[in-house]
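A, B, C and D label the chains in the order they appear, each numbered from 1.
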């Protein structure tokens, strides 16, 4: 063929789109800074890493596939309870426990996805919310298994690989959560840069066209929903293991709503938006609550309003536009 | 048995009517402008605070406090709609969610600052307290009062929507915004008025709710879920839908707890999911 | 990387510990409470109790200044409570952990108290097991079985033979149901029906109707504070379930001041069990209530306030006993067996369980000087939590 | 019948009502292999509805549709596409934020069932990308392969519609006014592209411009009021008085 060079250019172009930018490398290096610069903030850093992982799981379905959810804490909580309960029942090995927690949440996610893909818009929002609240009530009702409102008692997480004990300062906790966040981020990054990620973007861009190119878009949605649920379950399992606590709040509507707020705040459909939004929301909350434990949410509320008015594509979208303009 | 069914229906209906007042405004404004206002419950909350405050501080009677709660919230909503929400109509649903959640946060903080965290109490006039016996069944007088108020409001709404010029404009704007605009209708103005009415009704609902479900700065969050359930089950933009949805929810909730207390807390969510899976647009939704 | 962080952890820990030992003049108390969210009011009242005690007794103990560091959990959030405790210990170098309005949050932070070897004063969380979670926990509030086990017995002694229980479907409610039923049935009474209401329950009419259908001699009620006491009280009256036709029993939250105001006349005759009674005629209590209302715009103290107030008393007295030494073991030792007269009445800390021992008051709503009040009809002194040790 | 083997798409007694309005009345069509048939008729004749019925966007109230001899009446649209029945839309139905290479590659990978491989980088699907590029090249879109779709000129967006359909490797291609909104001089070029499609693809297209229809169609189906008025070769259609009356009638007067 005469223009056989051109497809290679296209491939190059596609490859370039998924190449690591210096910003990204810098970002992940910066994620190591708390170890050295803010060692007393490591517990907060772990909590942020867990929330960021949860936000990434929501970004996969909301930002990439356009599934708006108000019930994703369901999977976070299922993962948390699973990891917690097997620990209480005698298996406190963290890595295998975490994987099982993620798998469990993913399986439930796949089952639930058959309901989710039947509805759209407000109904979708409300079905996810309803399923989330049902799970919450179920956990409350299964008092003997879950500890009800008091929370699950007796979680003991063994040292990682039998070596690294979870310490009071949170070094091990942060190393563990950061490692998991990074791994899941790599997976998610690969996912969004894969043909599957392209299919998800196709669904978001024009769901009507998908059947006309022969796509099983509901199948795609089910798959991404299950993957997202599994990642949310991992995040929940991490919370259970690093804090040795699980209670009903891990399944609550507030947690579902908060994660969506953090994601939109950072900017949807960018993965890094999920992480950035989480960092900004939780750091702002921590700092504002440090100043005044009672009125911090006034400041948070204003932050959200200002971001919408002045950065309609989220904080990361806003930053990206500034960088683009500079170029 | 019959008397029990009667009382369950009565109590559930009363609770449903409270939900109806709190949510009908959101249903219509959402149906008209696709504007997701999660802060709708905050208007209910401030309505409650207005009623409590004018009764406490100014010594006004309960019956005067109710319309004041309506008026105050309608005015406040105009202010907020014109200054803030107006900018968001084309902002996309996620931004609307984020912004109005921010408003809920700010409203809760403001309520805490002004009124404190304490549960507010409304002292009902004597004639609204207690219950009357009728055919061997005791009906709470206040609940009957709520039903009465809600029915009057519903009648006014239905009449207004069917028979007045504004009503016709609202219907046109809900049915097809673009066409209404094409016909020279000032949709934004119609929307502002509808929004004010809806928030006023939420304020009234909030004032009526203090006696039944209490009032504290977290009211806006607490009621959000219920309000969203009514709106989605009833269907967007439909007064009938909100009415039936709220009544169904109220009766379903009370009846479920009465007949199957073991699953009492599950029932409304089961209903919600089941109804939406079968009818994604809600019972009376058109789109 | 892991190895290096482990090394850094050891180094970091060593550094701060020595720094902490050398330089501290002030004694830092980390207070962890849900200052925002649905339980904000409890946190506020508890904090007001703490503040009142400090205002009355000065902010210096054993020659050292007391500094409070407040941290908000934002609702029942055990993971946040634990993180905050962790940060308070490693970053703020607090000497004592305090607050803990909610049981899951106390459970979440317990491990940190053990690891850091810090005294942890639980000023509210009322599930029995809380003090068993760490040898550094001391409780100054109450436990639910403490109040209700003896209440169940008392109810039988009053001639009640059949009761229906209606409790909120969560830990405290289930505890209350179990301990009341235990006390009541041990004496020979019968529970004729038991229902549980969802914790976030806006409307009680269905459950109350079920009670009315059973028409028992007495109904025992446990609901969380806030809006629910008044709501359920009024729902009862709407169904004609009011004394003297039926005995209405409950834990003290049912007739707290705001609920009483809201229920009005309909509250008359309700009998509750509690460890703190606002109206109790006692000079210490009078002065406390006066001081509290003066400092809080007329708001009256409640169970949270007294937990915070007595919690601070325990901290102050323990510090006096150790002469300002903040070593966790020393403070816990000092707290064990401590006894004092509180505005609530005589109380002490059980040296075995580190839990509170106190008088349980049975009160009835009666009219006093034209106003409805909780009037004490029986005092049961020196009540311990009946569940501690029972599991073993 | 011998001809039967050559019929790729066949519809029998198709019927569709919207309420009381009959939009499709007992339509029977058959499309032989390699066909270049046109579907014409006045506005509101039910042309797009017919395509929607054939491709499964609408469910018929009665009737039967066969593709290569197999019954596809009850199949979902995506499954019909996978069996080789593709379409384009009258109004651009594209992926505005994807580039043409991405969009076409997506269609190719959906066909190859590799679109679900979330573990494999997009750039690693070399065959799919090469094929996509070839398709874009056939339609003269190679130069704009990496530009965002929304920024393309309208005419190129119309071509991308066809490219997407071709990427599914159709045996039957239903083109709903492929040149709608394209200037007349460009639309002829567009139709030469269509005419140059591989000869084993059967094409049915809707078009209003009679010059184009008569130039490119080997057979013409005339739809009036939801029913087939006539199906014949261009010459017959051109001279049929009924067609002249209902369709070209105004040309007389």
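Odds and ends about this structure:
Quick note on the criterion: contacts are C-beta pairs under 8 Å (C-beta built on N, C-alpha and C of every residue); 3 or more make two chains touch, one makes a residue touch a chain.
Everything quoted here is computed from the prediction, not taken from an experiment.
Identification of common neighbours of chain B and chain C yields A. Taking each chain's centre as the mean of its C-alpha atoms, the one that lies farthest from the centre of chain C is D.
The mean-CA centres of chain A and chain B are about 33 angstrom from one another, to the nearest whole unit. Chain A and chain D have centres, each the mean of its CA atoms, that are 42 Å apart.
Centroids of chain C and chain D (each the mean of its C-alpha atoms) stand 74 Å apart.
Note on chain placement: the centre of chain A and the centre of chain C lie 36 Å apart, centres being C-alpha means.
Shown for chain C are the residues that touch two or more other chains, namely 36, 40, 44, 169, 198. Of all residues in chain A, those touching 2 or more other chains are 137, 140-141, 254, 294-295, 297, listed in ascending order. Residue positions of chain B touching 2 or more other chains, listed in rising order: 112, 221, 265. Those chain pairs judged to touch are A-B, A-C, A-D, B-C.
Across the complex, chain A is touched by residues 55-56, 76-78, 81-82, 86-87, 89, 93-98, 101-103, 105-107, 109-111, 114-123, 125-126, 128-130, 132-134, 137, 142, 145-146, 164-165, 167-168 of chain D. Interface of chain A with chain B (complex): residues 62, 68, 115, 118-123, 125-127, 129-131, 133-134, 137-138, 140-141, 253-254, 257, 260-261, 264-265, 268, 294-295, 297-298, 300-305, 307-309, 312. Residue ranges of chain B in contact with chain C, taken from their complex: 4, 7-8, 11-12, 15, 112, 116-119, 121-123, 129-131, 138-140, 142-143, 211-218, 221-222, 226, 250, 253-258, 261, 264-265. For chain A in complex with chain D, the residues that touch the partner chain are 1, 3, 6-7, 10-15, 17-18, 190-191, 193-199, 201-202, 205-206, 208-217, 219-220, 223-224, 227.
Those residues of chain C lying in contact with chain B across their complex are 36-38, 40-41, 43-44, 169, 195-198, 200-203, 205-207, 209-210, 213, 226-228, 230-231, 234-235, 237-240, 258, 261-262, 264-266, 299.
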